[in-house]
Amino acid sequence: STPTTSTSCSKTFNVGLVTDVGKLSDKSFNANAWQGVQDAVNDSSLCVKAKVIESNQPTDYQKNMQLFIDQKYDMVVTVGFLLGDDTLAVAKANPTVKFAIVDYAYDKPPANLTGLVFREDQAGFLAGIVAGKMTKSGTIGGVYGLDIPPVHKYRVGYENGAKYANAAIKTLGVYQPPSGAKSFNDPDWGKQQATAMFGQGADIVFGAGGNTGNGALLAAVQANKLCVGVDVDQYVSYPDADKCLVTSAEKHIAFSVKTAITDMVKNTWPSSGLLTFDATNAGVGISPFHTYDSQVPADVKAMVADALKKLADGSLKTGYTG
Amino acid sequence: MDFLGHLDIAGFVVATLIAATPLVLAGMGGVMSERSGVVNIALEGIMLTSAFAGYAAAVATHNLWLGVLVAIIAGMLIAALHALLSIQFLVDQIVSGTVINILAVGITGSFYRTYIQNSSLGGTGVLPALHLTFLPNAPFIGVITLAALALIPIVHFVLFNTVFGLRTRACGEHPLAAETAGINVYLVRYSNVILSGALAGLGGAYFTLQQIGNFLPNMTGGRGFIALAAMIFGRWTPVGAFGASLLFAGADAFSGRLQISGVNFPYQILGMLPYVLTIIVVAGAVGRAVAPAADGKPYKKS
Amino acid sequence: MSRALRQRLFAAVFIPVISVASGFVVAGLAVVVTGSDPIAAFTALFQGAFTNPRAFPETLVAMIPYIFLGLAVALGFRAGLFNIGAEGQFYLGAIFGVLAGNSLHGVPGIVQIPLALAFGMLGGFIWAAVPGLLKARFGAHEVITTIMLNYIAFQLTDFLINKGPMSDKHSTAPRTPFIDPGAQLPIIISGTRLHLGLILALLAVPIVWFLVQRTTIGFRIRMVGFSQGAARAAGISVAWTLVITMGISGALAGLAGADEILGVSHYMPSSFSVGYGFDSIAVALLARSNPWAILPSAFLFGAMRNGAAFMQFQTQVSSDLISIVQAIVIMFVAAPVMVRWIFRLREVPVGGIQITQRETAGVTRET
Amino acid sequence: MDLTVEWGQVHALLGENGAGKSTLMNVVYGLVRADSGEIVFDGKAVRIGSPQDAIKLGIGMVHQHFMLIPPLTVAENIILGHEIATGPGVVDVRHAQQEVAVLSKKYGLEVDPAVKVQDLSVGIQQRVEILKALYRGARLLILDEPTAVLTPQEVRGLFDVIHALVKDGAAVIFITHKLAEVIEVADKITVMRRGKVVATTTPKESNQAELARLMVGRSVLLRVDKTEAKPGQVLLTLKDLTVQDDRHQVAVDNVSLEVRAGEILGIAGVEGNGQNELVEAIVGLRMPRAGQIKLGERDITHASTHSTLEAGLGFIPADRHRMGIVLELPVADNLVLSRFDRPPFARFIVRAFDAVREYAIKLIKTFDIRTEGPEQLAGSLSGGNQQKLVVAREIGTQPKVLLASQPTRGVDVGSIEFIHRRLVEERDNGMGVLLVSSELDEVLSLADRVAVVYRGRVVAVFDQKEADRDRIGLLMAGAA
C-alpha cells in the first residue's frame, strides 16, 4: 500500500496516518481517511509517501504518532475525535510537524494543527429527505454506532430531514451499546436491530456506524426494504448493499484528508486551525441514486437540491445544536 | 411509551432464535466435549477460525455451501489441536483452550489484514433464508439457525440414547471405569472434542455465511465465552444450553427493542440487560450445576 | 550436575528459550505464508521494542499494566479461580482512579497519588469480589460471572464518560476530564513516558510473592487452591477465601487501571483497554502463576506489544502476528511432554501449567 | 512372581495393604503393564494390553474401588462398552434391562436395572459390578476385597454367588485380608508380601495364625492391649441430632450420644449409613437440621468448623487424600494445617517458618513419621505415613475430643498398630474419642462402648464386654 512516487519530485513529503482503535477494518471511517492519504500519494503532483499505523489501544495513540515523528515525517494525520487530546499534545511538542485530525475541532490550536470537521447533520438531513419521501409505511429506521458527536449529528439531521419532507413521519433509532472491541464492529447486531425496526413497520433504514451500520443494510437487502448508506457512496464501497441502497449520506473524509495534505505540500496550511466541510464546499452531500434513480420522483430530487442550496446559504437549519 | 403496542412477537421470537444460533451451536459443542471430560474454553477461537475459513472458502469457490463445509472442517481441525494438546500432551485444558483462542485471533487477523482488508474482495452473499411469510412481518430465518434447531434434538438423542453418547458420558464421569469396561477413553474424548469443533465451526459459519457475507477481525466478539456460560447454566445438556442461549439472546433482542421503542433510559444501561440477567440466573436458579465429575481432568493410562 | 539441578535448569531456562524460539519460528512461517519477510518483520519488532529512540522505555511502559494484571490473574489461579474478568476490573480501577484523581484539587501528589491508586484498587476489588461472593454463596461459576461483568463494565464506564456524570462537559469527546496535575504519576526518565508506576509494579512482585508464600492469607489461598476439602476440614472458610482472593486479584487489576490513568493517559477515554485483561491471562499462564516469573513474562508481552507498531510501520506485517507468537510460546511452556516429544529429549521436564483444580474442576460444591 | 489359578476353584489372594495384590490383578486385567513375565490363559500365552483384551478372554474384575459411573443407571453401567444396540448405535434400553434381569435372576443378584447407581447402597453396587463382569461373559472373576464394605449377612450372600459360579466351572480369584473368610471360601490360598508370593497353600493345610504370620512376616497383635476405661465427665453430647445428606434426605436420624473423657465410643455400621454426615455435622462441615451438639458446656450445633476445632475438637477425616492432607504442601505445613495462623506459627499475618519447622520435627519424631524431612511434600509419603501425619497433627493439638473417622483405612499393619496404641494412650490421658470405622474388628478391639448405626439411626449401644460380633453384624444389616 505504498505506491511509488513520481520521479520528478525534488522533495518527497512523508505523511503518516494513525487510526483509532477501530482500525482500517472498519471499512468506513479509518479506511476512508487512509483512502484520502492514498489519493494524495497517487496524485503525483504532490510527491507524497505514506504509511499507516493501526492503534490497538488508546494509550498507543501518542506513541504511534511519535513513531512517525521519530522517522522525520512531515505530517501526521490522526483519525477520530478519540485522538483529539493526544494529537493536541503531540502537535504542541512538535511544532515543525504538521498535524491534521479528522472529526475534531479545537478552540485555539497551535499553528501546525488543524481539525477536519464535517456537518454530518447536513448530510443526514439530505438523506432524511429522501427517506422521508421514499417510505411507504411512514416509519423510518436508523442503526447508529456509539452515541458520539459525528454519529449523533447524522441521526439528528436524518430524523429532522425526514420530518422536513414528511411531517407525519415516525422515526426509530438505536445506538449500539458499547461492548469492548465490538463498537462500530458488530454487523450481526446491526442486522438484528434493523430487522426489529422492519418488524415495527419501518421500510427504510439508515446504517450509520461502521460495520454495525453495514449490518443494517444487509437486513434491508434480505427483507426487501430500502436502505441509506453513510460516509461514502456505499453503492461503490459496499456492493453487498446495492440492492437496497437508495443513497448514502456522505461526508468526504478522503477529500478532507487529501485537502489537508495538499495544503501542507503547497504551503497553504489553514491558519484558523479548522477546515469545515459542509454544504457550502461540497464537503457533505448525498450519493447518486444509482439503480433507484428512476424510482426517486423528480420532486424529491428537486427538494433535495433545494435543501442543499438552503443549507448552504443558511436559510435552512438541520436542527442540530451544540 | 408505546412499546407494547409495537411489540412484534413473531419478530422477537425469530430474532431471539437467530441471535441464539452461535450460542447454542458452540454451547452444544461444549456439551459434547465436556461430557467426555474435556473442558472447552476454545469455543471462541474455534468459531473465529471457522468464520474466517468459511468465508475464505466461499470467496475462493463462489460456493457458500462449500464455505459451510470448510468452516466445519476448520473447526474440527482446530479442535483437534485442542484435543492433541489436552488429551495427548496433558496440557491443562484451560491453558490449551486459551492457546487456541489467542492463536485464532493471530491467524485470522494476520490473514485478514494481508489478503482481505485492502483487497477489493466483496462479500460472498449469504446463505438462503427461509421466509416465514405466514407470520406477521414475515421474518427470515437462516439455514444455519434451522440447522441449529434441528441439531438440538439430534445432539440430545446422541448424548442420551446412543452407544456413543453413553460412552461419552461414561468417559466424562469416570474414565477409569470406562476403560475397565473396555472403552477406549482417548478415542471417545478425541471424537467428542473434534465433534465439538464441528458444531462450533458451524456456529462460526453463522457469522460470515448466514449473517454478514463478510469476515471481520474478532467478529465472534466473545460469543464463544457466552456459549460457554450457556453450556454451564444449561447444566451440560443440549436442551439446557438452548434454553440458556434463548435467555441471553432474548434479553439482548429485548434490550435493543426497548431502545428502538424510545424508552427514555441510558442505552448503555439497557445494554447491560443480557449480562445482568445471565449473572442473576447463574447465581440464582442454577448456581449449583454440577459438572461431569471428570471434566477438566486429564486421563493418563498407567 | 545432579539430576534435580539439571531438571530445574531445564525447566527454568531451556523450556522458556525453546518456547520463545518456537513461537517465533511458527510466527515466521505465518509471515512467509502472508507473503512478507519474517527476518525484516522480526528485526523491526526488535527495533520497535528495544533499539529505536524511546523504544525501550516504551516497552517498560507497556510492561507495567501487564505486571499488575499478570499478578492479578496468577493470584486467582493460586486459589483455583479463573479470573477472566481482569479486563472489567481494569476498567473499574481506571474509573475509580479518575474519580479520586479529580476530586482533590491542589492537594500535593504525595496525598493524591496514593489515594487515587487506593481508590483504583477499591474499584477493582469491588468488581471482582462480586463474582467471588456469587461463587461462594451460590456456586455461580466465576468464568461466567467475570465475563458478564466485563461487558457490564464496558457499558457502565461508557455511560459514565459519554455524556454521563463523569464526562468532561467541555469536550465533545466521550471522556472524563483530565485528572489533577498533582495526581499524575511522576515521570522517572524525562523525555519519555516512563512513570513511577514501573517502580510500583516492580514492588508489587515481591509483595505478592510475600503475600502468597509468607503470609497466612497466602497459605489459605494456596490451600484452597490445592484442596478445598482439606481446607474445609482444617476450619478454613473456603467461601471467604474465594471472596478475598478474587478481591485481591481484582484490586491488583484495578491498580493496573488506576496506574494507567495516573501514569499514561491522565483521563479515561472511550475504549480504554482493548484486551489488556485477556492478554494478562496469557502473561500469568506463561509465568505459571509464579509472581517472580511474571516479570519476564510481562516484559516479553510488553516488548511485543510495543514493538508490534513499529513492525507494522516498517514492514506492514499485521500486529496480530504477536498473538501467534504468544500462543505458541504458551503452548510450549504448558506442554513439557510435547517439548520432550518434539525434541526427542530423554530428560523428563518438570512442571507444565496447572490451573484446573485437582479436586473440583467444575463448580465448587459448598455445604 | 508366579500364580496359577485353576478352573472351578476359588483362589484366595492374601496380603497386607500395599502387598501388590491389586496391582497384580490390574496387570491380569490389562490396566497396568507388566515389566516382564507372561500370562498363560487356558493353556495359551496371551498378551493383555487393555481391559478389552482381558474381557475378550473371559476375564472379569470387580475392583476394590468400584468402577461404576454413579449418574448412569444399573443397566447402562452393566452394558457399557458392550452395548445392545438397535439400529445404528442406538442403545436398546428395554432389551438391556431384560438381559440384566435374566442374569440377575440366574445368580440371585437382585437389582433394579432402571435405578441410577448413585442411589444404591454399596452392597447393591457390588452386585452390579459382579453382574457387569458376568454380562461380559467372564469365566475368570477377580474380586478385589469384595467383603470390605459388606455386612456379615451380605458376605454370606456373596459367598453363595461365588459357590454358584465355581460350580458352573468358572474360576474366582478372591482378594482379601480377612483370614477367616479365606479359610471359609477358598480352595487354594496364595499369600503375597511386597510384590512376591511367599506361600501357596490350602485352607486344610493352614490356619489363621499361620496365614497372618506369612502375611506380615511376623506375628501380629490381633487385639489391642488396653485396660478398662475410666470414663470421666461428658465431653461431647449429641442430642436428637438430625442431619440431611447432599440430596436432602435424612441421613442422621434423631441420634443422641455422649462421649466421656477417657473413653472410646465406637460407631459400627456399614458405610453409607449416615456416619459421614454425622461426622461432618459434628465438625461443622454440615449444618444439622435439628438437634443439638455440645462440646463440654459449649453449644457447637451451628458453629463453623473453625470454631469447633478451636473449641477443642480434633478431627481425623475418613478420606485422607481429599480432606486429611494437602498433597502438594510440605509435611511441616500439613502438620499445622488448622493452626498455621496463630502464634507461635504466625505473627500477625506473617507465618513463622522456624516455629513451624521446629514443631514439625518434634511431631515427626514422636509419631515416627517416615519422611526425608519436614520439607518433603506430603503427597510423596507412603499411605501409612500420611495417615500418621494426620493423627500426629490432630493429637498434637491435645483436643478434648478426638473424632477419628476410619483412622487406619488403607494403612499398613505396622502403622495400624501404632495408631491404635496412640488412640488408647490418649484415652488413658483423659481424651474422649469418637471412633467411626467400617471395620467391625477395629471398633470391637478399640471401643469401650459400641454404638451401631443403621440408616442413620443408632439401633443399639453396647458396652465392650457385652458386644457380640454376630449380633452387631445383624444390627448393622438392619435385621433386628
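As written, the chains take the letters A, B, C and D, and residue 1 is the first residue of each chain.
Rule of thumb we're sticking to: a contact is a pair of C-beta atoms (placed from the backbone, for glycine too) under 8 Å apart; a residue touches a chain by one contact, two chains touch by 3 or more.
This one's a predicted model, so the numbers in the text were calculated from it and none came from an experiment.
When the C-beta contacts at A-B and at C-D are tallied, the pair with the greater total is A-B. Rounded to a whole number, the gap between the C-alpha centres of chain A and chain B is 34 angstrom. In this assembly, the C-alpha centroid of chain C lies 46 Å from the C-alpha centroid of chain D. Between the Cα centres of chain B and chain C there is a gap of 27 Å. For the pair chain A and chain D, the distance between C-alpha centroids works out to 75 Å.
Across the assembly, chain B contributes residues 112-113, 217, 222, 268, 271-272 that each touch 2 or more other chains. In chain D, no residue touches at least two other chains. Of all residues in chain C, those touching 2 or more other chains are 151, 155, 158, 162, 365, listed in ascending order. The touch graph of these protein chains has some other shape, matching none of line, ring, star or complete.
Under the contact rule defined at the top, the touching pairs of chains are A-B, A-C, B-C, B-D, C-D.
Remark: chain D residues 246, 280, 283-287, 304-310, 315, 317, 319, 322-329, 333, 337-338, 340-341, 346, 349-351 touch chain C in the complex.
The touching residues of chain B, when paired with chain C in their complex, are 39, 41, 85, 88-96, 98-100, 102-103, 105-115, 217, 222, 225-226, 228-229, 232-233, 266, 268-269, 271-272, 275-276, 278-279, 282-284, 287-292, 294-297.
Interface residues of chain B facing chain A in the complex, by the touch rule stated above, are 6, 8, 10-12, 15, 18-19, 112-113, 117-118, 122-123, 125-126, 129, 137, 139-140, 207, 211-214, 216-219, 221-222, 253, 255-257, 259-262, 267-268, 270-272. Of all the residues in chain D, the ones that touch chain B in their complex are 26, 29, 31-33, 50-52, 55, 61, 63, 66-72, 76, 80-83, 85, 89-91, 132, 136. For chain B in complex with chain D, the residues that touch the partner chain are 161-167, 169-170, 173-174, 176-184, 293, 302.
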